[in-house]
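Here the structure is laid out as structure tokens; the discussion comes afterwards.
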Amino acid sequence: MSQSYGMTVAAPHTTTSNNPGRIMTLVMLALAPATFYGFWLYGWPAFFLWAITVASAMLGEAFCLRWQNRSAAPVLQDGSAILTGWLLAVSLPPWAPWWIGVFGGLFATMLGKQAFGGLGQNLFNPAMVARVALLISFPVQMTAWVAPLPMFSAGAPGMLDGLLIVLKGMPQSLDAVTSATTLGFGKTELSRGIDLLESLPHAPALSFIGNRPGSLGETAAWLILAGGVATMFLRIITWHIPLAMLAGIAIPAAILHAVDPARYLDMGAHLLSGGAMLGAFFIATDYVTSPNSPRGQLIFGFGCGALTYVIRTWAGYPEGVAFAVLLMNSLTPIIDTYFKPRIYGRDRKGKPLQTAN
Amino acid sequence: MLMSVGSLAAMGLALGSVLGVASRYLAVEENPIEAELQAMLPGSQCGQCGYVGCAQAAAALAKGEAPVTLCPPGGKATAEALAAKLGVKVDLSKVADTGPQIAEVTEEICIGCCRCMKVCPTDAIIGAAKQIHNVIREACTGCSSCVDVCPTEALGMMPIPVTLQHWTWPKPASAHA
Amino acid sequence: MGFLDRFLNKPSWGVHPDDHKRPGADVPLRVLPTPERVYMPLSQHVGGAARPIVLVGQKVLKGQLIAEAQGNISAPIHASVSGTVTAIGDVTAPHPSGLPFKAITIDSDGLDRWVANPLADPFSVAPEEVARRAALGGVVGLGGATFPSAVKFALGKRLKVSTLIVNGGECEPYLSSDDRIMRDFADQVVDGARLVMYAIGASEALVGIEDNKPEAIAAMRKAAEPYPEVKIRPVPARYPMGSDKQLIQTLTGKEVPSDARAAEVGVLVHNVSTCAAVHKAVRLGQPLVERIVTINGGAIANPGNVFVPLGTMIGEVLAFVGLKEAPSRLILGGPMMGTPLLHDRIPIVKGASGILAFNAAEAMVPEAGPCIRCGSCTKACPMGLLPLEMAARIKVGDLEGAEAYALQDCISCGCCAYVCPSHIPLVQYFSHAKGELTAAERTKLRTEATKRLAEAKAARIERENREKAEAAARRKAERDAAKAATAAPPVTTEKQGVSA
């Protein structure tokens, strides 16, 4: 009867069974169908590039942790390094050389995340930071797109050949595979003075299924959409950022295409091409770098979408998701400061409500 | 070439003198730091720091003549606050942090000489000649001037007891800073 | 998702932890046999501790006044057993610190003789008299807040409150004492509610009961049938629906401003058990000396509700209900906001709605990880705060920054810490910060008082010196005058020695 019950523990004395590892695992499961489709569509090189990128991301994190004399295994188990590497991998050109994956993976976790203080402390999305660093440093390799060459079809490289392609670069025999994406093709032709109505029929066809040149995991729009909606039903993300971002791309596209179809791509093309779907559901929704309140998330998402459209249409790069996301990430603290949820008993400005007497 | 060198040099000189003039005529007034420092000190004018009163100690601190560890009743907390305000680094390991303390009279030994009452800066000791003295807890600041003058060592410093109303939750220990 | 919740008629705030109420809630009420000894704490309510008016060795009857209320916000204490007062001393308080507080020990004579002062028709006396009898009966808020009820009645009457909200929410998991009192004593609850309405001058009573208590809703509907002004309103089961701000919003749609009390929006909230206690105190003249306590948790052999005299040691109640194993943690209250107890030699107090004895699995505290800024906490917070921002600031010592995020509006419900995937002890951060800010405020007041005292002493010394100097000058002037007077007749040339 005179037993002591241990040290004082604060309430609450019960907690959820959710944990970061579970959240990351569910997101990876939602990404898996689109990624496996990418492996099948682009062949073995794509698979090896993905593996190398994910491994490099994990290696970078482990290195930083050991450098701080902390044990790496518990932190790696929360799955965030794997997810960062995965998201970076699916935004790379599928046949990029191995060192692109290594550099990107290490950059993402070491400089994009651990340098800020680890999980929860980074200001910018690590995968997008790495992608932008790669794009600016190695523009040729990062814009070397290939036409789809499904895994077991004629002419597709086998497993060993795929590994060699990743390690040594594309052999001469497969040179005909290189291709441009729709966005890139359209932009190049416009800069040559040929308007879209003439050039688009010659461009690689856009495909909802995904059978088109593009990044490793971004082409199968319907699989990404399904995965994104799954994460919404699993209550990992809410609808605010994805819907706002897609609206931010679609609305300007629709308006401008109606005004001048010769110069501006239509809404469907914009939504299906590039990283729009992936960005909306998996990249802009990153917890750490997006605002916390619903209104802030809507503004953030719409900003990402609008900036993507602006960069795609008028800036020097054909694809703008990565830059747009990074720019909006830098605005997240300001959005968080000015768009807080309304507190019970106070008005929107934070003053106590007035009683009606 | 001479033109470019000459024009840049002239611009540099001109802009430099503009900055110099501005630093003199548009200088920002320093905040009166003395008043803020004095507010941080206990205010009992006990004199343990060696200065006559807390105002003089604050003046010395502002001039940089006194160390931030000068106030024994303030303990570690005051030293830290002063260091933060003045922007100095201080080694607090030597500061004896006994925590907040108040004086207590051991009634069996008190002879009622009234010497302690005269030195108490806040009149926290009640009593009269040949009557046993006692310390009013709420008024005692822990300056310990009374302990020094008591001829029978009836006065001692005790830590302020933690009561149910004053207990607070400690900050959760972080797994990794 | 936010919009799905609206279709399912559930509030978007709060959490829905596992209930754990049944089978304990369905077990019939057990009555604890009169204990041999009870320890009646003097402070079982918000406000000043009561002052003992009995002496050691005095014989008392059950229900006899043993400690008087002190001050405007206080409540009296009555003996919960008949017997002899054997001590007035320290007993461990039901507080996480384990510090002691004062209690009156009464050894029971086993006879349980009551002293009671019934009032046949309370509705015939003035409302103030009803409130006075509730005050004399030591009735305080039995939902856990223990605010003296009579003080609340006076407030309600002064502000002309029109709606009484009777809180039958009991949103905390494991607890079912309110459920039990509604099922078994619905008449007492309804009568008490009507008495409170009369005391404060309200025209209607809304009884909010969570919809996970269908039996209680049915019993209360039956008891309230003859009284159309008492309306039974089931509410969605979601923690913390029993919090008064949330219940007021759900039942009336009104929002209490952050710097106002509920009475200022025309409502007053009282727990169902409090209403039953008002009925007993006013109509039956029985002061508050016993209550229903839920005993639940993984370490309890037969969980359920027990009718317990106040002041009974918790260990005795646990032994009566039966333990399966040695508990890994004892909690007073529910798991979301309950107080951890250091041992079981602590008396049952008025606010003890439940005692939980957790087994090792339930008591397991997962290790806290870094904040991933997922925002689950802010979605769950019923007050609309940003726990992640407040905790980040408190962690680095920026307490003023946390206050700027409305830290003082936090009701410490625990929803944020419950949903955090990284299991960060958010409520502990906020409790720590609130405590530190209060302590800093106290220190500031103490420093100001010190300065005033020091100045007062300096002024006193100066005044004394001045008076001494004036007195000396006066004496000198008198001596000079006397000298001049005696020196006037030229004959006498006595030299007078003047002492300096």
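Points worth noting:
As written, the chain order gives the labels A, B and C, with residue 1 at the start of each chain.
The working rule: a residue touches a chain if its C-beta (ideal position, glycine included) is under 8 Å from a C-beta of that chain, and two chains touch if they have at least 3 such contacts.
Small disclaimer: the values here were computed from a predicted structure and weren't measured.
With contact taken as defined at the outset, chain A and chain B are each touched by C.
A comparison of C-alpha centroids places C closest to the centre of the full protein.
Chain A and chain B have Cα centroids lying 54 Å from one another.
Note: centroid distance chain B to chain C, computed from Cα atoms, is 38 Å.
In whole angstrom, the spacing between the mean C-alpha positions of chain A and chain C is 51.
Shown for chain C are the residues in touch with two or more other chains, namely 96-97, 369-370, 425, 428, 431. In chain A, 10 are the positions where the chain touches two or more neighbouring chains simultaneously.
Residue positions 169, 172, 176 of chain B each touch two or more of the other chains. Interface residues of chain B facing chain C in the complex, by the touch rule stated above, are 39, 42-45, 120-124, 138-139, 141, 162-164, 166-172, 174-176. Residues 1-3, 17, 96-98, 173, 245, 249, 255-260, 264-265, 315, 319, 326-331, 335-345, 356, 358, 362-363, 365-366, 369-376, 378, 382-386, 388-389, 406, 409, 412, 414, 417-423, 425, 427-428, 431 of chain C are the ones touching chain A in the complex. In the complex of the two chains, the chain A residues touching chain C come out as 1-6, 8-16, 18-20, 22-23, 78, 80, 118-121, 232-233, 235, 238-239, 287-288, 292-294, 336, 340-346, 350, 352-355, 357. Chain C contributes residues 93, 95-97, 99, 101, 367-370, 394-395, 424-425, 428-429, 431-432, 435-436, 438-439, 442, 446-447, 449-451, 453-454, 456-458, 460 to its touches with chain B in the complex.
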